[in-house]
Structures are given as structure tokens and as C-alpha cells.
């Protein structure tokens, strides 16, 4: 029948088939649902009666999401049990570019890991050498370690020193940059961290890509709520090159 | 963008690029417009301010129609000049079936020729032997003789004897049937003539297909105005097998 | 899967109803939709006198649906009484439909239809494009509708369905007034609008009547919302229709609060077997999602 | 091809206007649409106070369009006065848009907007889904609209556009009353409905507000018909919008009687450069069909 640009945005039903907890703050959900999404693209997850939010698929078949408890929405998500049903629409946005990248460094801060884990696998499948820098606050927030170690050299930092290097991933990254050459640095994490990574990339003159977060109300490029300067994170992003970000005065300035 | 089942039915603009007259009653119009249509399918032609009517393309690229002046609508059509613009939608309906037909006889009465001329060409292209029986009232109503003679053996009758055999095409057909064997007889003309042809086909036990006319208001199978028994001429037809027609008590009974 | 439904005590083998105006000119027409699997069939609306309706084009298309302006082209009451005198060839309930410019004529039609074997009588007061009928006769007025139902109620014990227009701001009031005056169900909705499609090549409105009622996918959200509202206000059941062509549309209408679901334009999209196809999709989905009966779905979005 | 258009004396390089509510939250947003080729830009409607609007989901989709219920989420007047104080980064006219629950508040907003460099001020009285605003504030009432225009007329000499809802039965009366009270143009139409989309898997309305205004292809025929009607009744010009995403839709609206044509949902279909794409299609078609200016197209379907 009719399949239109509009229809593609309808929610599909997704039943939860598995939930794993990592510490108090992170859960990994698996859904009876599959989709096609490039690393860096995102989906919108709808909890009827609560709202909808963007998330980065950490697997696509079946769909898997890694979620950090932050505010009201994610708190409600943490109450979900196997068998519960949510709505999923997407994928949305532009993913990471990884063609011709031979040596990559991925830098994940906290739940930023969600956007990068599939990218590490894809890069490695494409024959790239991947270093993976991963910083969290404490040990129990670490997820996907096994998956990452299969495809990349992993460097972990925890703020409390409970695993890997004590400190932030910025320090780890600095150390790597002192000795290694990368074609591209990929980064997702809290915005202050990304600002620091961008500064380092400039300093070493390395190409970079960042996956950004903004509040999203439509995800289809009409409401304007996700704007970063005059870019739309939902359509033009969420992945932006360091070069683009450097030219946007609003980077690091949002609610 | 959106292309739907609905959109296919929109009028496309068609400018008249040539008009030829045959006697007082028949005109052949050529349009700046092309379409794909199987022999037997029809289009709807719209004259803004007047109405729309079904016609059988006698060529598809560019679109050509042979029109007989009958009532108000066709009278208005006869006033059209080169450069005038009409609307065309379609093609509609099911065309003739001609697979595996090696020996065919086509029987056209009057403007029924419009539905059969392309069929003759298609059959011949497919390697079939084609006899073409064509009856009109008088000589100046004869159209497409050259095209037909290229692909078929032509037998013409005129009621006034001004060309070919004097009489009706039924008599010509009877004579042919007495000596020849056909896989299928195809017929389009006034309904009383088609009833006679159907009777002959039954008598000789030959398969047959007829292209029927009914008043059409939608051409998309919803209004019901073109019904022939519980068949819709616009969707199930306009071509029906003799077998189907024989089972429809309403054949030959319409306004 | 048992898809049995019921409306005003009329048992339907499935909740899908042929809407009035499509393939409903005569019995032969209706047989096409019966073969297509419909659970009930509504005839094309009949007026007192035969009407030849508007000139062609009677339909215009746009990417999201159809506009029509047939102008109640129909055979008129006396021919209809003959045509529909014997309904024994049908295995599903037949709903009569008739329309008029005023309460008195409505009553005459209903009184005549009462003698036929129609399972119910539907009264459209909501056509947006026929002069002297429906909205063009001011039948968006609550008082007029009340008078029509009252007059018709006297003429028949058969269930009366009032067919309303979901595009009117006062559709809930109209439905409530009808319920109070004795209507047995609300059919929602007739075509919306009217709308217009202009052919840009000739710079002319496509429809000979210029404007026509909008049907098909375009109108479904407005109809679903109207059904949802009506369900919150009415005690009598609702027949939902507008833009239904797939099983999931049927489910949406049932969940909004419809007890049965009509199809008109869907026949253009999927042919007369749209009814059978929707039933198949419906029962597959119900099985997969653990629903056991149509009844469980009705109004479920209100829980 | 010169696509120059004009509305209330405001020159536009092309007749395409960014509609209010899409990419109009702030100047950065508007710059996106300016880059996309729009001939004029309308800001998202501003209310006296900042509003956080309805919860997500704010948009719901169906095959023929979009439903939205943002609930006039906006920065409020005082922030807007700052945001739009300097419009020197724009090369096309900017239209202010503001809305309120009553005439007095409308007047306050217009009085404040009068000081900014907006080329015109648009007043939507027609939103179908925000409590206390538009239709939910009873602004389908002719008297209310008259009072709003009268109050606002006193506060500004800038052109005032009244944005109406083509779904209302009385839209012509509303427009005529506004014209008489001093409105300079009619914008037709806001989203229609409201409508509802139910997610059948969870049996819930998708929108957090349950219902939302319908936009996109679904509503174009109703809007075209409304523009056609308005053109027959009004002296002031019309800005047409609803379901436009292609050059031929623009032509259809112009022929119906619009002097300029807005786009909202079309941005979802073809991105912010929908304006440039429509202009290209428009000028190609005009060339092929021998039209020399936009003006020749306006109201051409009435000849």
C-alpha cells in the first residue's frame, strides 16, 4: 500500500526480552525488534504516558540499548520488566564516517559508550586498528568490555581507581596521543569532556567526529529544539566533525 | 515523494498535436502525451466543463484516440483544435489475453476498431496469423486500413456497399468461419453485433474475447455504475471472455 | 480466530461493513462486496426521487485519498423498493440507507424501507457536497437532526444509524441529541470537507461540482479522534469509517471505540476483497497479541 | 524566471514562506530556512509567558501526514524581544507570530512586536490543540476574532495577518469579519482537526496530549477549497498553506487564489531546501507553460 516518508516514522512495538543491570545506574535492554541503523544513528524510544527520548542502538538485531539513569524518563525505564512493550521509531540522523580510516581512536565517557561500541566493531571489520579509551566514574558502570576487547585495544579509566587507570579518559587519551598517530578520533561523552577532546584533536591536528546530545522533540527536523547553532542535531547530526563543531559558537552552551 | 494508488489516477495534461477527420463522424486525435497501456485497456479523457469518458488508445506514444461523434461529449470533442489541452488518466482495466494464440480473428464494428487495431499489431508481432473483419456503415468511416493491412488479412464490409463487401461484418465472419479454424475471436462493436458474434463462437466452439462499453463514472471500481451483472467493466473488464459473458444475464440489457 | 461482532443486536460474522455509496447501487453491486468478505453491506443512499447526480468527473484524486461528488445519483425510492424487495441472495445483513432534505421526507423513506428486509436503516445527514442534502441542507444543526430522528423513529422499529460528519465542531452534540431522540447507533464519518483539487494544466477544479467530500487515508486521524470522543460520551454503539484499508486501521478504530468498521475508499486501494484481507490481518494480529474476541478490542485505548 | 511576489506591499523574492512553528524557535532556526531558499520566514508563535508545552511525543505520523501537539512551547515575550531585536542577519522579510487567549493579551504582544523589525505580524486564532488558545479558547467565534483584530489594529501599523482554520464551517465569516476589522491578509490554514493516532501495540494514543493538529498532504484539498472560497469573498490577499511540498502544489494554491504559499510539514518531506526545490519546479513549469510572473497565476482557476 502507501508507504510514505511519514509512515517510516511510526512507532513499532518492541517487547523487552532481557534486562541486565550494571551497578545502580546502567541497564542494558534487549527488545524483540530489529532494525537497520549505522553506528552513530539513533532511535526514539516511547514510554506511553511518559514520553520519548533518543537512544543509540548498541545492537540492531535484536535491538539492544544501554541506558543510564539520569532523570524522570530513564527512572521510569528502569522500572520496565521483561515482557513490557515500548514503541521504537527510527533510525534517525547521520552516523559516523569511517571510510579510509586505518588507525582510529575511540573515546567514550560514561554512557557515551552506547554510541561507540558498534562503531568499534564496524571499524575493526573494515580492517582498521582501533584503540578504545573508556572512562567511567566507577568500575560497576563499565559495560561491553568483552565486545570491545575483541576488536580493539582497550584503555580504561575510573575516577575512583576501582578499575584500570585512576582518573579521567582525557589523561589516557593524552598519553596515547603523545606516541600514536590516528587518522580519526571518535568521541561520545559528557559535553565538557568532548570539548577537551576537541581541543586535543586541534592541537595534534587530527580529524575527529563527535556524537552530540540535545533535547529532541520530533527527530525529523521540523521542531528546531535540537538545534546546535544553525545545525539540527537530529538531521545534520548527531555526529559532527570536529571542524564543524569548532565553527559553532553554541557548542558547550545549552540548557 | 509520495506515490500512492491514488496519485496514479490524477489527470495528466495532454495537448492536441494533430486532428484528422474521417467523414462527418470520426476524428483521430493525437496528443502530446505518452503512456503504457496494453491493447484493450482504456483511458479516461476529461474535457474541463464538459465531463470525462473512456476511450481506447489506438497508439500510446504519442497517445492517439479514434473518436466517433455520438452524444454531447463527443460533439464537444469534435470542436477541439490543435493546441487545446485535455486531461488523461489511466490506463484502466484488463486488456486482451493473446498468449499462445496462433490463429486469431478480429471483428470490429464501427468505432470498435479503436480497441482492436493495436491488438492486431501485437498479435502479429507475437507471430500469430491474423484475420481482420471490419464492418462500417459507409466508406468514409473506415480508419487504420493501412496499419491493419500490414499485419493482418483484412475483410471489409460496408452497409451501403461503398467499399468491400456490401452488408454487415457478421456475414463476412460467417463465411470465414465456414472454412477457417481460429484459436480465438476478438470482438468490439455495437452490443447487438457482439451478441451475434458470441452466438457464432458458441456454435463453432471457438474461444472469444469481447471489449464492452458501459457508462463509467469512476473507472476505479468504486461507484458501481459500470456493472455488468456483478462484474465491473472498469476493473474486471472491459475485456471479457465469451464464456464469462454467456453466464451474465445482463449482457445486452443496459440503459 | 472468531471475528464475530454485533451492532444493535445484529450479529455480524466480522466487524467489516461495506460503506454506503460504493458498490451499493443495486443487488448485483452488493454481491461483489459480499463475495469480498464483508460482514454487512450498506446500500447507496436512496432519495425520494431518482437523481442523475452531478456530471463527471465525479471523483478526483490526490496522493492521500479521493474526493467525490456524485450528488446522490441514485434510482429513487420506488425503483429501490423493487430492487431490494427480495434480499434472499445475501448471507450477511443488509443496511438500508436513505437521505432527504427534511424530516418529513426522511420519515417517508424510512416508512417505506421499514417494509423491506433491511437489518437496519442508516440516515446520512452529513454529505458535504450535495445541494439540499446533508451539510448543504443545514443538517449540521442539532435541532434539525433531532427532528429527523424523532420523525423516523415513529416509522420503524428497525435500528436507526445516524451517519454524522467528524469534521463538524459540534459532532458530539449532534450524536448526543440523536441518541436521546432514539437513534440506535452513530456511523462516523461521512466524507470530510469538502475539498477541491485543481488541475494545474487546465487551471480548473477537477470535479464538475468543483468541490467534493474527502475520503481515504487523509481523514483517518480525524475520524479516529471523533470516535474516541464519541465513545466517551455515548451509550449507543459506533460504526467507525474513514480511511480504513488494512487490518491495523480496523484495530485502531475498534480501540478508539467503534463496534464495527466501514470501508469505502479501501475498495479502490485493495479491491472488493479488501474485507477478506482486513479480516485476515485482523485475526493474525489478534492471535499474535493474545486477543480472543473483537469485543476485547472495542474502546481498549480508553483503559 | 522571476518568481517575485508581494503580500501587503512586502516584496518577496519568491512566494514561499516558512510557516510558523517549524524551525522558527529562534534566529538560528530561521537561518536554516533562509539558507533553504524561503522568500519570507515566520517565527514560531510567541505567547506572553514562556511555555514548556506538552510532553513528548509531540508528533505522530500516519501515511498521509503528521499530527503535532507541542502546546505552544516557546520562549515567551520577553526572551523573544531580545532574540529578535536585531534581524540584520536576514536577507528576507521576517514575520512575527504571536498568540494569546484574549484580545487584551493579543494587543500586548502586538504592541511589543511593533517595536521590532518584523515585516508583518501573524495572529493565529486557529490552533486546534492547545488549551486556552485558538479553537480551545473559542476563537472560532466571529465576535472574538473581530475583537482581537480591533484591539491589535490599534497597536501597530504593520500588516496584520489573521491565521484561520480551514476546517471550520464558518471560516469565510471569520475572514470577512477580520477584513472589516482591519486585518491586512488571511493566512489559511493552521493544522486541521484535531486528529488522533492510536498505537495498536500499546493501545494508547501516540501523542502525549492524545490529539493534535493534522498537517501535510492529508489537508491540502480542504485548504485549496478554502482558499478558493476566500478568494471569491475577500479583497485582502491570502497566504495559502497546508500540504505543500512540491512546485505543483504551490501552483495549485496560487491558482486557487493565494498570493503567497507557506510550508511547514514539507520540510520533513524534502528538508529545509524544500523552498529552493519548489522554486525550481515552479519556474520550470511556468517556463514550459508560458507564464511570465507569479501574479498571472494568482486566482487563475476562477477564470
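Chains: A, B, C and D, in written order; residue numbering restarts at 1 for each.
Keep this in mind: a contact is a pair of C-beta atoms (placed from the backbone, for glycine too) under 8 Å apart; a residue touches a chain by one contact, two chains touch by 3 or more.
Quick caveat, the model's predicted, so the values are computed rather than measured.
Steps from chain C to chain D, taking the shortest chain of touch contacts, total 1. The most distant chain from chain C, with centres taken as the mean of CA atoms, is A.
One inter-chain figure worth recording: chain B and chain D are separated by 50 Å, centre to centre, where each centre is the mean of the chain's CA atoms. Separation between the centroids of chain A and chain B, computed from CA atoms only, is 64 Å. Averaging C-alpha coordinates per chain places the centre of chain B 37 Å away from that of chain C.
Among the residues of chain B, those touching two or more other chains are numbered 1-2, 4-5.
Within chain D, the positions touching two or more other chains are listed as 62-65, 200-201, 204, 216-217, 269.
Taken together, the chain B residues at the contact with chain C in this complex read 1-13, 46, 48-53, 85-87, 89, 217-218, 220-225, 227, 229-230, 232, 235, 250.
On the side of chain C, the complex with chain B involves touching residues 22-26, 28-29, 31-32, 35, 44, 55-59, 61-66, 68, 70, 73, 199-202, 204, 206, 208, 216-217, 264-265, 267-269, 271-272.
If you check the complex, the residues on chain C that touch chain D are 60, 62-65, 67, 135, 140, 167-169, 192-198, 200-201, 203-205, 210-211, 214, 216-222, 224-225, 228, 248, 251-252, 255-256, 285, 289, 300-301, 303.
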